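Presented sequentially are two complexes of chain A, the first with chain B as partner and the second with chain C.
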Partner chain A sequence: MNDSDANHADNTVDAVQTHVLDVHDLSVTIAQHVILDHVSLHVGAGERVGLIGASGSGKSMLVKALTGLLPRTAQADGSVTLGGRRLDIMDDASLAQVRGRYVGLVFQNPGAALNPVLTVEQQICLPLRLHYELDADELHDRAMAMLERVGLPSRLAGAYPHELSGGQQQRVGIATALITSPRLIIADEPTTALDAIVQRSIIDLLVSLVESAGASMLFITHDFAVLSRATSRCVVIDGGHVVDSGRTADLLRAPDQPATRALVQAARMLTLHAGTGAGAGVGAGVRAGSGSGAGSGSDVAQRADRRRYHA
Partner chain B sequence: MEERPGTADRSSAERSGARERAGAERSGVQERSGNIGRPTGTKLRRHTGSPRPSRNGCFGRLPVRVRLGIILRSMWERPGGRFALVIMVLWLAVSVVSLAWTPYPLLFTDGDHAWASPTAAHPLGTDGVGADVLSWLMAGSRTDLAIAVLTVLVSAVIGLALTAAMVSNRRWLATSGVVVVDALIAIPTVLLALLFAVPFGASVAVIVAACGITYGLNMARIVRPTASLAARSAYVEAARASGVGMWRVFFRHIVPSTFPVLAVQLSMSAGTSILAEAGLTYLGVGVPSSVPSWGHSLTTSVRLISVYPLTVLWPGLVVTLVVTALYLLGDAIRDCADPLANPRLRQAAGGRALVRVGSLAGRGAGRVTDAMHDEEAES
Partner chain C sequence: MRYLIRRLVLFVAALFGLSLLVFVALRILPGDVASVMAGTNATPERVAALRSQMGLDRPYPRQYADWLSGLMRGDMGVSAISGRSVASQIGLHASITMPLIVLSLIVALGVGIPLGCQAVLATHARVRGVLHALAIIGGAVPALWGGLLLIMLFGRGVGLMGVLPSQGFPDAGWRDPAAAIAALILPAVATGLVAGAAIMRYTRACLMSMEDSDAVAMAMACGMTRRQAMLGVGLRLSAAQLVSVAGLTFAQMVTGVMVVESLFNLPGLGAMLINDVGNRDLVAVQSELFLLAAFFLLLGVLVDMVHHVLDPRLGEQPEEV
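Right after this comes the complex of A and B.
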């Protein structure tokens, strides 16, 4: 039912205007090297879309192109439209107004993405101070409320990033991205640098915050196991091209493109329980015989141990 | 793009919710542990978390005055820092006092008692014209203080401007910055001072300009690697992704990362400027001879150093002590004023997270906070 509605919406002209993000024929070249080649994708209102590809497929460059942070040597063609506004032809000052206010970014390496000389509260308040006129008391209250929503104790407000664990740092990163209630959240491999147990909680946190805010999310990763939990639809990118797209559950069940198949197989071998499709949790189980190759998540290790013990 | 409808309502609801929860926690704690020291009927304040922000905004940091106290205390506890603080305070006090009073007026001369050794009347002796060495050194301290402060300002401005150019992502700007620094850094301070003295004559401005430019170039060259690392870091990218503009990124995100290097370099600029002042005044292109300065005292007495060595000793000693103190001051500031280097600037902020009662600063508040967090973790 959802499929046919989505397809119908895609075919109408009005649908383009309801998309929060619309990338059309985006190509990025750096020094004669083609990074992205006519990439098109869209994210609807309230939708969570995944962008999956192996390392080097151009995912991070796409994020930079969306926020206007490409290196100066890069040449970009095509259009990027956010809520009806063209971002690719905007100057830097206008883009700075959009970034952080309508688009929130969650980064891959939480420890590196937090300024080491700012406290947690300063970090979280930064987008608010940039985009809104609020007095110090209001800023403080909002920061405290946000800390609570991401599950951090308020005593960490005065902590510095190096005093936090990886999971806590990423929660701060998420709080920073979501404090201005942006329309679109772009999560650039937010769980790649975290261990599997923390990964699950971070993904769940991100999904619940995005859903409660009614925002849209573009979730970028190289791991299908993570996408199955976080997104309903995904786009597969390989070598700068979009090679596949569709509902995450369908792609997992029956991948037909070689790139998709490779990614799904990799996810299955490592963490995903084959056959349960969308909604299967990360670390839900391990195929027999591939436990030794996994090595992620303590429940996986426990199952492997149990099997060996009882064998 | 309009504001999302209902955002204001949601945030105010969050705020009141946060307040109610905080109020409930606090009253809950009072029921559980009666040793907070506050009577149960006390009206609770509006916010939770850190103290009411000062004009600069606290944001998890301590108020400015508290931070300053911690920094000064930490500096005092280090031997180098203590020495530096004492000398700085003395220097400042002597400069201020000399504006109003010196033991003898500066124009006082006594030909009968030139080159005198220290006596009760002249604690540091007299120089070649019978003027009191102590008075001239006191008066000279304010000139050197002015030179040090102005040199720090000029070198900071020039150094930061060149650093900004060199870490810019505009290729032409970065290249020109590097070329300028590499080309001009080869010019020695003395040569530059001589160049300025020809059209403008010897003055304090010549010293400040020459020293400021050369130390600024030097500072840019030394600060550049740290600044470059910060400029290409993920957190600067994250800041730009949050919407921070180029200038704000440089001053609020890149420069604070270079704080340790900057502190040391600026203190060295101050110290070296005093040495430079002595040398340039000796050459005749520094402070004019009518203006008191330590360089002037050195210059007038060094001619007869083999005959009256004691007269040279005093200005030499003063310059040595002050320059050493300035170098040590830079080290102390680097170690004590940086929250990443000084744990006391961090711990105190963490300990005061939830309870804000003035008399319960420090350990008491820390204990209560931990107790409250155990509650939070369980609930």
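Right after this comes the complex of A and C.
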């Protein structure tokens, strides 16, 4: 990390106060292969920002870079500031104090991410055990309350991840990320492994919990239909570069960058495919919602969901 | 519980199959055991008497039933060569081999797992490289050569630092536990270091496969350091594989320590088996082979049970939730 980066972080106190997350000129290289190239973005207090890009564009690597989960072979450069703390200059022990406490992560594949030898309750309580000194009763009470908030029955507290459905596993993942009331939630394609109906309920749950907690969210996806339900602003990443950014609704309505256009076009084709059958209704397009969360997704997508639900 | 019962039933069935296999295999071998044991100058009367003494003149089903009922009572017959009870003979030799294997396994696990972890977790790439090279070199060194080296370094009376006995087992046996353990240290280290190198490679491979796993990333996301997550989650999730490797290593050692027993002049199971097979002592070999194979089967059952304890995914079919 060079001096100018340090100065940037030190001199942007106002930005730090309003931005929960501030990423400046972040580059990641693995084996001389540039994965992220001078990426800058910010997430304001209470803001839900989407990060969208095609597969291999560097989205997940950015999540890892933000949270100190990069592989050891990776070289990172640039600054990452979370709530006024420079994460990029922290050692692993200091980063561990931040992860799970100030920033919660929701993983793409909860079936692989949840520890298979921990029960649901043990899993949810893990961040609390690592960051706070609470007695067993308090841990239990908090876990039960969290289970209720994510819509899981208390009888599942003693279940193991493999005994749950994909949607239930993701609810456990969300509960684990939110149990410490972190300032920032980073959701890395949390609905990719789920079917359309469960996708919607998980997004709605995540948005409502993040909103009620007053937290900020960085939502990573490659699906604009999902993004429109969850975020108000989004950043488009392609080939490790930030190529576009703006209000989600605006980007959906009038994408002017090639990468954004390609993603929107792909979302339209897929949505139309699901909603009206192959080749039908070309040009109808995706109607972007206001981006204010639940209920703001494309009408076509909603019709498709209903069709699947009744099938 | 259902799994446990099913597994035990299978184990007992396998034991019966095994006993039949050993019995038939030894009966279809060419040559008359009684003639061989009696020697080339023995009279036909002597051979017949020996055959009768060993019960070989009875029909095969009767021989099998007698042997099996004896096994169930712990009576494995009397050796026609030594005249001693086979069970006590096995017990005597096993009292040297089994502690040797346990000590070897302690050395193997004590060296292999921590160094295997360090080969992945060490901060400096050079340290990781050196440890990896050590694992490969350790696995390539034969236990016999390692044992010789240990004798030359530490063997009492012959080594540069002659601090430990390197030949034989004390006459007092386990009545003098300090001397008995001292006699087993060098052979246990020789066997354990070779097995430890293999366990080190397995540990390293298991942990490396967990390094970029979502489960480790999730643990770190909850607030663990990389080291905590690798040891607390990565190693824990690799435990079932490592238990399998430890079980296999243990089983291999039962026969694998024969060479080391011979080098250190220990009268263990290896020496007993070689002698009895060479003497065509059918009564002894039959029971020894059966017990050896039964021991392997038992280890398999124990490893499976430990797997079930370690990994809840292998448990009973879950209720619908």
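Note that the second predicted complex is superposed on the first by the 256 of 311 C-alpha atoms of A that agree within 3 Å, B and C clash if a C-alpha of one lies under 4 Å from a C-alpha of the other, contacts with A are read in each partner's own complex, and residues count from 1 in each chain.
In this text, contacts are C-beta pairs under 8 Å (C-beta built on N, C-alpha and C of every residue); 3 or more make two chains touch, one makes a residue touch a chain.
Everything quoted here is computed from the prediction, not taken from an experiment.
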- Message: Using the superposition on chain A, tell me whether chain B and chain C clash or fit.
- Response: clash
- Query: If you stack the two complexes on chain A, which partner ends up touching A:Arg85: first (chain B), second (chain C), both, or neither?
  - Reply: first
- Task: Considering only the touch criterion stated at the top, classify A:Pro258 as touching first (chain B), second (chain C), both, or neither.
- Result: neither
- Message: Going by the contact rule set out at the top, does A:His131 touch chain B (first), chain C (second), both, or neither?
- Response: both
- Message: Taking the superposition on A as described, I'd like to know which of chain B and chain C A:Gln122 touches: first, second, both or neither.
- Response: first
- Item | Broader residue contact with chain A after superposition on the shared chain, chain B or chain C | B
- Task: Classify the contacts of A:Gly158 with the two partner chains as first (chain B alone), second (chain C alone), both, or neither.
- Result: first
- Task: Using the superposition on chain A described above, determine whether A:Ser181 touches chain B (first), chain C (second), both, or neither.
- Result: first
- Task: State whether A:Tyr102 touches chain B only (first), chain C only (second), both chains, or neither.
- Result: first
- Based on the superposed arrangement, let me know which partner A:Arg142 touches: chain B (first), chain C (second), both, or neither? first
- Item | Residues of chain A at both interfaces, chain B in one complex, chain C in the other | 67, 69, 71, 92-93, 96-97, 99-101, 105, 107, 109, 112-117, 126-127, 130-131, 155-156, 159-160, 162-163, 173, 176
- Could you please specify the touching residues of chain C with respect to chain A in the complex? 211-215, 217-228, 233, 236-237, 310-313, 318-319, 321
- Message: Applying the document's contact rule, which stretches of chain A touch chain B when the two form their complex?
- Response: 67, 69, 71-73, 83-85, 92-93, 96-103, 105, 107, 109, 112-117, 119-122, 125-127, 130-131, 136-145, 148-149, 153-160, 162-163, 173, 176, 181, 183, 214
- Please name which positions on chain B make contact with chain A in the complex. 1, 4, 7, 10-11, 14-15, 17-19, 21, 46-50, 52-53, 57-62, 169-171, 233-235, 237-246, 253, 256-257, 259, 338-340, 346, 349-350, 352-354, 369, 373, 376-377
- Touching residues (chain side chain A, partner chain C) in the complex: 64, 67-69, 71, 92-93, 95-97, 99-101, 104-105, 107-109, 112-117, 126-127, 130-131, 155-156, 159-160, 162-164, 168, 173, 176-177
